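Take a look at these structures.
Across the two complexes that follow, chain A remains constant while its partner is chain B and subsequently chain C.
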Partner chain A sequence: MSGVNKAQIGGFLARQGILVAFVVFMVGFTLANQRFLDPDNIMGVMRSSAILGVMALGVTFVVISGNLDLSVGSMMSFSTIVVLDLHDKLGPALAIPAMFAMTLCLGAFIGFLVGYLKLNSLIVTLGMLSAIHGLTLTYSGGQNMDIADKEGTWFSVFGQGEALGIPVPILIFVGLAALLGVTLGKTPFGRKVYAVGGNGTAATFSGIRRARVVFICYLMSSFCVATAGLIQASRSLGSQNTVGQGLELEVLAAIILGGASLLGGSGTIFKTVIGVLILGFIQNGLLLVGLQFYVQYVVTWVIIILAVWLDIAAKRGKLWSPIA
Partner chain B sequence: MTDQTPALRLEGIVKTFPGVRALDGVSFSVMPGEVHALMGENGAGKSTLMKVLGGIHQPDSGQIVVGESPVVMRSPLEAKAKGIVFIHQELSLAEELSVAENIYLGELPRKRFGLVDWPRLEAQTNEILGKLKVGFNAKTKVGDLSIANQQMVEIARALTVDAKAVIFDEPTASLTDAEKVVLFDVIADLRAHGVGIIYISHRMEEIFKITDRISVLRDGQYRGTLDTAATDEEEITSLMIGRKLDLTRSARTHELGGVAIEVRGLSCGGLFRDIDFEVRRGEVLGFYGLVGAGRTEIAETLFGLRDPSAGQILLDGEEVRIHSPAEAIARGISLVPEDRKGQGLVLGMNCRDNMTLPQVSDLKAGPFVAEGAEVAIFDQYRDRLDIRTPGWKQMVGNLSGGNQQKIVIGKWLSMHPNVLIVDEPTRGIDVGSKSEIHNLIRDLAAQGYAVIVISSEMPEVLHVSDRIVAMYSGQIMRTFTAEEVTEDNLIQAISGLSGEGAAA
Partner chain C sequence: MTSRKTLAASTALVSLAFAGAAAAETMKIGITQNNVGVDSYQTTYEKAFIAAAEANDSVETVVLDAGGDVARQIAQMEDLIQQEVDAIIIWPTNGEAVIPAVRKAFQADIPVIVTNSNIAEAGFDFVKSFSGPDNITQGARSAEIMCDKFKEMGIETEAQVVHITGQPGYTTAIERAKGFEDRLPEVCPEVSVVDTQPGDWNREKSQKVMEAFLVKYDDIDGVYAGDDNMGVGALNAAKAADRDGIIFVGATNFAVGYEAMERGEYWGSIYQSPVDDAEAALQTAIDVLNGEEVPFLNYFDTPKITQDNMGDYTKPVF
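Coming up: the complex of A and B.
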């Protein structure tokens, strides 16, 4: 039968390509290494994905509102370094709120520039990626940061603790995902985020204060970054200045893999969680298959580019088109 | 000029689109050295005809003859090659490039190795610019030029080909009076070189000043050609409108209420000035004028999107200052905007969410959106406005234009506004839905809403309005009551020819 033409197959791949690719990967990995589907391994993947996942939750709001946030990687390094430093100076009970306050200030600053001054989010957050990295190095004097007494602090509970047999980072990720998922999907604010990202002009013409919505999205993104920094610091109890480097792109990759459009107006928290897990399992699978750690970078990037291509292809219903 | 072969001749051009006969046997010819006006109401078929001449649409039947040879044009490039050149209302220049690069874009003179021959490019360009007597040269960046001078660059571009016919589409829309003089000089110059010119404009004074003959289209049909010297506005207007419009709407049976909104001396920069009007509850006030006359800008000012430079807005007798749409909405002013898809709707959202968007913060059950209440509102206005959609989950982008517009109207009705402003209520909407929306507007007035309707379509504004404000170039020329308005005095008022005197 020539009834099913190339365009239809192309259209199907464009819509379902990510899932198809994911299933192929999973089957392949399982055949290559029995351990892949082992409960311990799955739990391990989820734990190592938790930090990336928490960050991706916040950035999902920013992306749906029609903007980007490339500053989250270096902002996470900042949070981690600050909380480790303040831990010994103020004690953990004060260090944590102090770090959250400082990180939220950074988010508010970006939100002001993008929301109220209407500057291009790509340029602002790319600039902030670099600026915050400089801020972190200035703060730490370029030194690694370590907690003096690593055995005697309750601070390690956020990264290393367990409750009901489940690692705390996973609980934080799942809990935050549920909270933010409901915020995005069920509250008036969430509805406004979709409207602003879907058609900002129409949102303004409907009386929505667009600048305020964008501002709050960046504030939420920085809150998630601070939470991720807390988990990171608590897990390692010591850190380099570059701990979050590159995470901003993995976050975007996860969001795109989940199916959100970088143009804004679409995506959900649930989809982002799926995207985070896909990315985590693929990276884990590559390791188990025995590929070098470095190869992951290449494969991750191939996946990101593939995802962007499929994102555009889904929009126009064809894998390739001579215009736009 | 004694040459009797037309520069451009149209013979029985027919073009149909699904459900519409856009052009129905249009024939006329333009002589070399003639300035030929093409007139007609919006929707009469002018733009379709231009797209046929520009090679964008192919006619279903009929032929286009340039000089003595019939031509077939499948693309704008082919049209240009046959000597038909357009000067568009919206300029299509690369602002970052020089004048010379723009004029010869795509056909820059080359040297060896494919490098651009800059000296030759500059010399060629300056030669053309010399003919136009302009105050800039080949190296000037186009982005630094005024709109009028950018138009000169387009004209210069037209002169690089051996143009048989040049078509000007509303060329004076964005020009000052001084710039118009320069443009008319250039047109006179082209005419002296034996080029045939088609001049599209709504502005009567220009038509009488520069054209030799006038051809009129109405409902896609050619209605005749007049000698400019031997005709007057009335004859043109009656050809353009022709049919006696069905303006019979049942006389208003309801009483008018108090003044809902009053505007005194409202001005905004160069956009409009000294605007005075009032709208009472139960009344429809129409705003009629050409595109660019300042009507939409007044609506945007009332809705908080622009800050007025002077004047007052009074709601129920109380002066208010409105700085954002959110404030306007809180004060009971609603705007159904002119650009439905760009400003009115989030196309990727469903019908229900679009309709409740302005009040989503008020529809709460605890911290969440009360989706049940939203569905109830949607159902209520779907029934009331007869919105045809499979259900509230349907994406708005999948609905027809008429149903989309009803969603936008429903969005604001569900807010129970004091003043409802509707800008171009039926733009891009099929004929059947049009009359539904007109009746809807009348019904809303009967229910006690104060309604402002802005429209570029005369039948529409005549049909729905109790009173009509005629605007020209940012000013109110005259306010008509339903009893005194006629098509003639209205079209005269908005052409800037005669204001108060037109009634005589």
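Coming up: the complex of A and C.
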């Protein structure tokens, strides 16, 4: 009986090592500062993680399909600036779909280049990272974008609103995570994404239209970016042109932390969510502990390495192994 | 040769030289900026600089932007030296890393004027003049604004302040923080700064930092942010958490800060005009080329602005 339990626990650890790491950190930070577990704080961290999280959901598809997306940071700046600008020109009801359409066009363009023209995704999206930044600057003329009437617009609901006592950004994040989690885990399309990322040639020979799968992944990624831009714009009702700068790397860090392979074919939405939460809680926890901020950069890195180690250690059942 | 002939010849030479000077009177001034477009201040600065140069017939400019990239800025410095401009204005992307490039210009006898945020002291020997705001004074003035308000409210013996700084390592951020932290204990010795964290000049980041502060401290009376963009981010966090009565003081008054002051939510800031900044830099370069005496630290004035006196200032365009 106890042997079965041990095996079960071992199996659980092997599958969910990153979850174990997450719990370890939560306990550690709580011991350092009791307020860490304050419901207001938990809600606050989840709310601000929602922006990164929503972006990471889409990029998870791209990564599992064996590609990269480095353009999401500047694409998020683009959607934020566009929706804020159009808000005052067209009103929120038209500005939101217009912004989604424009962002999806960018995603479709990348998807076309990587999927159908089979260009290297690293080069394409690295180029788009700066091209979209330039596009945003051209669009805004380099000016900060602010909504004129900040008090009298319902647009603020996406970033600042609450339903059932839960902030709307969290609801969007959880809802989208559930939807995309089912899409990836339970539908034929999801299996095709794994197949294309695991072995593209084999997938093609088994009749999967690889180009189309990749194209749709990028489209989903840009949809998630537009959603993140909407939350961001609505949260602060004003923005700099560089609001999303650097987020592309944080997104990738969260996904890899969750256990997806950059080579494609592995990863889940649930693990990405855990990765996002770990990053969010590390940042917040270090602020609450009150470490000097130069030290925080180092400590953040140490914690990330520790998390990856715990994950791997749980998978192989011991902390140290002479063979990989 | 008689002495009269010598005199005539030298007079001719001198007048020739003058004629030459008149023909070459157009000064060619190159500028390499930090990161135009990253924020409205820098965008407005560039526009004002170009406008001021166009309004002046004797000036021809080469306007470059490093896009925040140190390597690109160094390459641009080298380009400007190659083009043999008469003077170079640099808005350093990094106060340390650009020193070798500035030294190169110095060795090529091209006067260098640093604008907006100064380079590190090791490079002072290679620079003619620094034109820009006095960020230490700005930090000190923000401390005075905050202290005066605390005294008015009668909480100068107990108030607790949190401090959100700009990008770590950036000269402006370091100087403002220093000015604030040195001056506050002088004017309000009993006020304590309970925490300091960077907001990276970013509104969203600052909002996150402030959210954590609000959880960590039950009693926050004042927030000092290194610029209004971050100050407004912190204000948003406080509003979302329903924490009233906090005195917000920033620096570099942005339009969003000015509007928040109009609404009575944000107490004060430092009025710093990018137009003044750009015009002062160009004028300093022109003065240097005309051989005029220019102070090494050529500051333009950046006055205090609070809800009380904001009527004297127009709303910033950025």
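In the analysis below, the second predicted complex is superposed on the first by the 265 of 324 C-alpha atoms of A that agree within 3 Å, B and C clash if a C-alpha of one lies under 4 Å from a C-alpha of the other, contacts with A are read in each partner's own complex, and residues count from 1 in each chain.
We take it that contacts are C-beta pairs under 8 Å (C-beta built on N, C-alpha and C of every residue); 3 or more make two chains touch, one makes a residue touch a chain.
Quick caveat: nothing in here was measured; it's all calculated off a predicted structure.
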| said: Under the superposition described at the top, does placing chain B and chain C together on chain A give a clash or a fit? | reply: fit
| said: A:Lys118 in the overlay: touching chain B, chain C, both, or neither? Say first, second, both or neither. | reply: neither
| chain B versus chain C as contact partner of A:Gln232, first or second or both or neither | second
| request: Check the contacts made with chain A and report whether chain B or chain C touches more of its residues. | output: C
| query | In whole Å, how close do chain B and chain C get at the C-alpha level once superposed? | reply | 29
| task | Name the residues of chain A shared by its contacts with chain B and its contacts with chain C. | result | none
| query | Contact residues on chain A for chain B in the complex? | reply | 182, 186-188, 191-192, 194-195, 198-199, 201-209, 265-266
| said: Help me check something: in the complex, which residues belonging to chain C touch chain A? | reply: 36-40, 42-43, 46, 168, 195-198, 202-204, 207-209, 211-213, 215-216, 229, 232-233, 236, 240-241, 254-256, 318
| request: Going by the contact rule at the top, pick out the chain B residues touching chain A in the complex. | output: 303, 305, 324-326, 328-330, 335, 337, 342-349, 353, 357-358, 360-361, 363-364, 367-369, 411
| note | Residue positions on chain A within touch of chain C in the complex are 33, 35, 38, 40-41, 44, 48, 137, 141-144, 146, 160, 232, 235-236, 238-243, 283-284, 287-288, 290, 293-294
